[in-house]
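In what follows, chain A forms one complex with chain B and a second complex with chain C.
Up next is the complex of A and B:
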C-alpha cells in the first residue's frame, strides 16, 4: 500500500491527480433524480471498446481477399482455439450496439434531453448512430458469404434510385458495376479504419459536449418540468445538491454493464446463431442469388419501405425526409416542456413512429 | 466491528469474482493468440538424393524453421539448421568457398557448421538424417 501511495503521490505532484479526481469523480455531481436510462451511454462505450478489441483479434486471422475471406472466417470458427467465441462476441456485439443505441436515443427523446442547449449533443449522437449503421453494413460483407454478398448487392443497389447520379453512386460504392473484390477492399478499409476512427472522434466530441454543458435533469418526480435555459450567455448546468458520479453513479454504470453482459453472453452461449440465416454459412456465389435475401433486422424497416412505395425513389426520399426530421428535431421541437406526459403531440408522434418502425420491420421479415 | 468484517468479506467476494472474470477473458484470448500445435510441424522431411548434387546445398523447412542439406565435394552429406546462432538470420551457402555466410553480420561457418569467424557464438545445429533407397530423411 505504501508503494502504491508513493506512486500516486509521485503522479499527484506532477499532474495534480488528486485535484482532478476530486473534481471529475467525487465532485462531478449529477441530478438527484437521475435514473438507469442515463447509463446507456456507458454501456455503449463499453460495447464500442469491446467491438474494437474483438475486431482487432479477428484481424489476426481474417484475410480481406474475395478468394480467401470466407475460408479465413471458417478457419477462425472451426480451427482457431476460441475463434468461434471471439467472432460470436463481435457479431452479437454489433447487433447489441444498434439495440442499445436505439434505447439510448429513445430515452433521450422521451426525457426531452435533446432540447436546447443540447442540440449539438443530439446531432453528434445522431451522426454516431448513422456511422454505427454504416459500420454494421460494411462489416456484413466481410465474411463473403452468400448472405453478405447478396445483402450488400441489395443495399448498394437501392442508392441507384437517386435521380441523375444514382447509378454512378452505386458503382462508386461497389468499385465496379457489381459487388466484387473491389467492394470487399473498400468496405474493409471503411470497416476497420475510417468508420471506427470517425466514431471514436465523434464519441470524444459527444462526451466533451456532455461535460461542457452539464448533465440534463430528468423530468420525472419534479414539480417544474420546464426547460429553463436562457439564451443570453453560456451557463454550465450544475447540480450543486446532486449525487457524486463516483461512487454513486459509477456503481449504476457498472450494474447496467453487468446486466447488459448477462443478456449478451446468454445470446453468445445459448443462441449464437440468432443473427445468422443459413445463407451466412455458404460461400458467396455471384452467379446464384439465394431466395428471400433479407437485410439485418435494423435495416428491415428501410427495406420494407422501399418495397411498399410504387417507386423506389419515393421510398428512399421518404426515408431521407424522416432521417432529416429526426436529425433536426431539437431545432424543430422548440417547446419548453420536457415531461413526456405533458407533451401529447410528441408522445403520439414518437410512439406512433416507433410502432410504425417495428411494424415495418415485422412486415419486412415476413414479406 | 461487524460492519468492517462484513465489508471485508464482501470486498473479498467481489475481488474473487473480478479475478475469475478476468481469467475467463484472458484464457480464451491467450489460447486464440498462442501458436497453434501443428503449425510448426515436427514431421520428417524426405528429399530425393538426386536433388542435392556434389558441392550444392538444398534449403528446406524443418520443424517450423529453416534447414539446409549439403553434399560436400568429397560426397559427404550434412544436415544443419540454417538459422545463424548470432541473431537468427538465415545463412547463405557460398558454393565457391564451400562455406556458409550469414549476410546480416558476416558470420562465417564451415560446411560442417563450425564457426570460422564473425560474431556467431556457437556452431550451426546438426540435424539427424538417414539415407535409404535414394531418399534422404531428415528428422
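Up next is the complex of A and C:
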C-alpha cells in the first residue's frame, strides 16, 4: 500500500494526478435525472476496444491472400487455441456494435440531445455510425468465403448504377473488373488500418465535444423540458447539483457493460451461427453463384429498398437523401422542445421511420 | 453524398474516398449476381415437343444438373454455337446404341463401369441384360442410393428375392453413411474443418457403392461389415467434436452467469451510492 501511495505521489507531483482525478472523476458532475441510456456510449467504447483486441489476435494468424485467406480462417477456427472463441467474439461483436450504436442514436434522438449546441456531437456520431457500417462491410470480405465473395460482388455492383462514373467507381473499389485478390488487399487495408484509425480519431473528437460542451440533461422528470441554450457566447453546460461521475455513474456504466457482456457471451457460446449463413463456411468460388445471397441484418432494409424501386440508382438516391437528412437533422430540427411526448410530429416521423426500417428489414429477409 | 472536410494527400484522399464510396455501396442487390447463360442445347430443346423436349425437363431434376454437368458433358458438341452444336466435327456423339451405353457413361464413371462389367448385369450386356439407364434412367439420373434396388425395378427382369437379401445386408451401412454425411454437413456449416472427414467418407461411400453392382451376397455382407467398422471410427471422431462443443457450452453458461452476477453486484454497489 505504501509503495502504491509513493508511486501515486511520484506521479502526482509531476502531473497533478490528484487534481485531475478530483476534477474529471469525483468532480465531474452529471444531471441528477441521468438514465441508463446514457451508458450506451460506454458500452460502445468497450465494444470498440474489444473489437480492436480480438482483431489484433486474429491478425496474428490471418493471411490476406485470396489463395490462403479462407484456409487461414479455417485454421484459426479449428487449430489455434481459442481461435474459434476469438473469431466468434469478433463477428458477434461487430453485429453488437451496430445494434448498440443504433440504440445509442435512437436514445439521443428521443431525448433531443442532438439539438443545439450539440450539432457536432451528432454529426461526429453519425459519421462514426457510417464508418462502423463500412468496417463491417470490409470485414465481411476477409474470410474469402462464398458469402464474402458474392456479398461483396453484389454490393460493389450497386455503385455501378451511378450515372457516368458508376463503372469507374466499381473498378476503383474492386481494384479490377471483378472482385479478386486486389479487392481483398484494399478491403484488408481499410478494415485493419484506415477505418479503425478514423473511427478512433472521431471517437476522440466525439468525447472531446462531450467534455467541452457538457452532458445534456434528459428531458424526463422535469417541468421545463425546453432547450435554453443561448447562442451569444460559449457556455459549458454544468450540473452543480448533479451526481459525480465516479463512483455513481461509473458504476452504472459498469453494470450496463456487465449486462451487455452476459447477452454477448450468451450469443457467442450458444448461438453464434445467428450471424453465419451456411455460405460463410464454404470457400469462395467465383464460378458458382450461391442461390440466395442476403446481406447482414443491418443492410437488409437498404437491400429491400433497392429492390422496391424500378431502378437501383433511384433506390440508392432515396437512401442518400434519407441519410443526408439524418446527418443534418440538428440543423433542420431547430425547435426548442426536447421531451418526445411534447413533439408529436417528431414522434410520428421517428416511430414511423423506425417501423419502416424494421419492416423493410423483415421484408428483405423473407423476400 | 456527404462532403466531409479532409486535407487531401494523393493516396490518403483516395483511400478516404474509398471509405465514402463504400458507404454508398453498402446495399447489396441480387440483380447482377451472374447466373450462367443457358447453353444452346437447352435453349432449342426446351422449346421442342415430346421426345425432343422431354430430356431437358428430366435433366433439370437430375444429379447431373445439380453438379453442373450439362448435355454436352455426355453428348459432346458445341454448347455455345447453335449452328454447329450437333456437328460431329465439334465432338457431337448423339445418343449411344444400347450395347455402347456402359462405355458411354463409363467415360466419367470409370470405377463403376469396371464393377458393372464384372457383375452378372454387365456379363449379360448385349444378351438382354440391363445397361446403366435401365436402373439409373437416362436423363433423370438421380444420386445412386439403395432406393434404386426395389421390387418394381428389379422384377422387370428377375425375381426380387436375392436383390432384397443384398439390399437388407447393405441397408444399415447405407443409413450410417447418410447419418455421417448429415453430421459432417452440419459441422461444416458451423465452421468445423471437415475436409479430412469428408474425404474419408467419400472413399468409404465409393467403396460401398462398388457393391451396388455385386450380386454375391456373402461378399456384400463381408464388405459391408468392414465399411461399417470404418464408418464407426468416423462417427467416433464426430462424437468427439460434439463433446468438445458441449464443453464449450458449459464454459459459456459459467461465463454468462459470471457476467450476470457481476452486473447484479455492481448494481447493488451503485444503489449504495444513490
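As a convention for this text, the second predicted complex is superposed on the first by the 367 of 367 C-alpha atoms of A that agree within 3 Å, B and C clash if a C-alpha of one lies under 4 Å from a C-alpha of the other, contacts with A are read in each partner's own complex, and residues count from 1 in each chain.
Rule of thumb we're sticking to: a residue touches a chain if its C-beta (ideal position, glycine included) is under 8 Å from a C-beta of that chain, and two chains touch if they have at least 3 such contacts.
Owing to the predicted nature of the structure, the values given are computational and were not obtained by experimental measurement.
S.K.: If chain A is used to align the two complexes, do chain B and chain C fit next to each other or clash?
M.R.: On the superposed model, which is not a single observed complex, chain B and chain C fit side by side.
S.K.: Tell me which partner A:360 touches in the superposition: chain B (first), chain C (second), both or neither.
M.R.: In the superposition, A:360 contacts neither chain B nor chain C.
S.K.: Looking at A:172, would you say it contacts chain B, chain C, both, or neither? Reply first, second, both or neither.
M.R.: The second partner, chain C, only.
S.K.: Contact-wise, after the overlay, does A:195 reach chain B, chain C, both or neither (first, second, both, neither)?
M.R.: Only chain C; A:195 stays clear of chain B.
S.K.: Of the partners chain B and chain C, which touch A:306 in the superposed model: first, second, both, neither?
M.R.: Only chain C is touched by A:306; chain B is not.
S.K.: Based on the superposed arrangement, let me know which partner A:97 touches: chain B (first), chain C (second), both, or neither?
M.R.: neither
S.K.: Which partner does A:209 contact after superposing on A: first (chain B), second (chain C), both, neither?
M.R.: After superposing on A, A:209 lies clear of both chain B and chain C.
S.K.: Comparing chain B against chain C, which has contacts with more of the residues in chain A?
M.R.: The partner making contact with more of chain A's residues is C.
S.K.: Looking at A:80, would you say it contacts chain B, chain C, both, or neither? Reply first, second, both or neither.
M.R.: In the superposition, A:80 touches chain B alone.
S.K.: For the combined overlay, can you note the least CA distance between chain B and chain C, rounded to whole Å?
M.R.: Comparing every C-alpha of chain B with every C-alpha of chain C, the smallest gap is 7 Å.
S.K.: Would you mind listing the overlap between the chain B footprint and the chain C footprint on chain A?
M.R.: In chain A, positions 79 sit in both the chain B and chain C interfaces.
S.K.: Which positions of chain A touch chain C when the two form their complex?
M.R.: Residue positions touching the partner: 74-75, 77-79, 84, 127, 130-131, 133-134, 137-138, 150-151, 153-160, 162, 169, 172-173, 186, 189-190, 194-195, 198, 247-248, 251-252, 254-255, 258-259, 261-262, 265-266, 268-270, 273, 276, 278, 280-281, 288-289, 293-295, 299, 302-303, 305-307, 312, 315-316, 319-320, 323-324, 327.
S.K.: Contact residues on chain C for chain A in the complex?
M.R.: 1-2, 4, 15-16, 18-19, 21-36, 68, 188-193, 248-249, 251-253, 255-256, 259-260, 262-263, 266-267, 269-270, 273-274
S.K.: Which residues of chain A touch chain B in the complex?
M.R.: Spelled out, the residues of chain A in touch with chain B are 57, 60, 79-83, 85-86.
S.K.: Report the residues of chain B in contact with chain A in the complex, numbered from low to high.
M.R.: Per the stated touch rule, the residues are 28-29, 31-34, 36.
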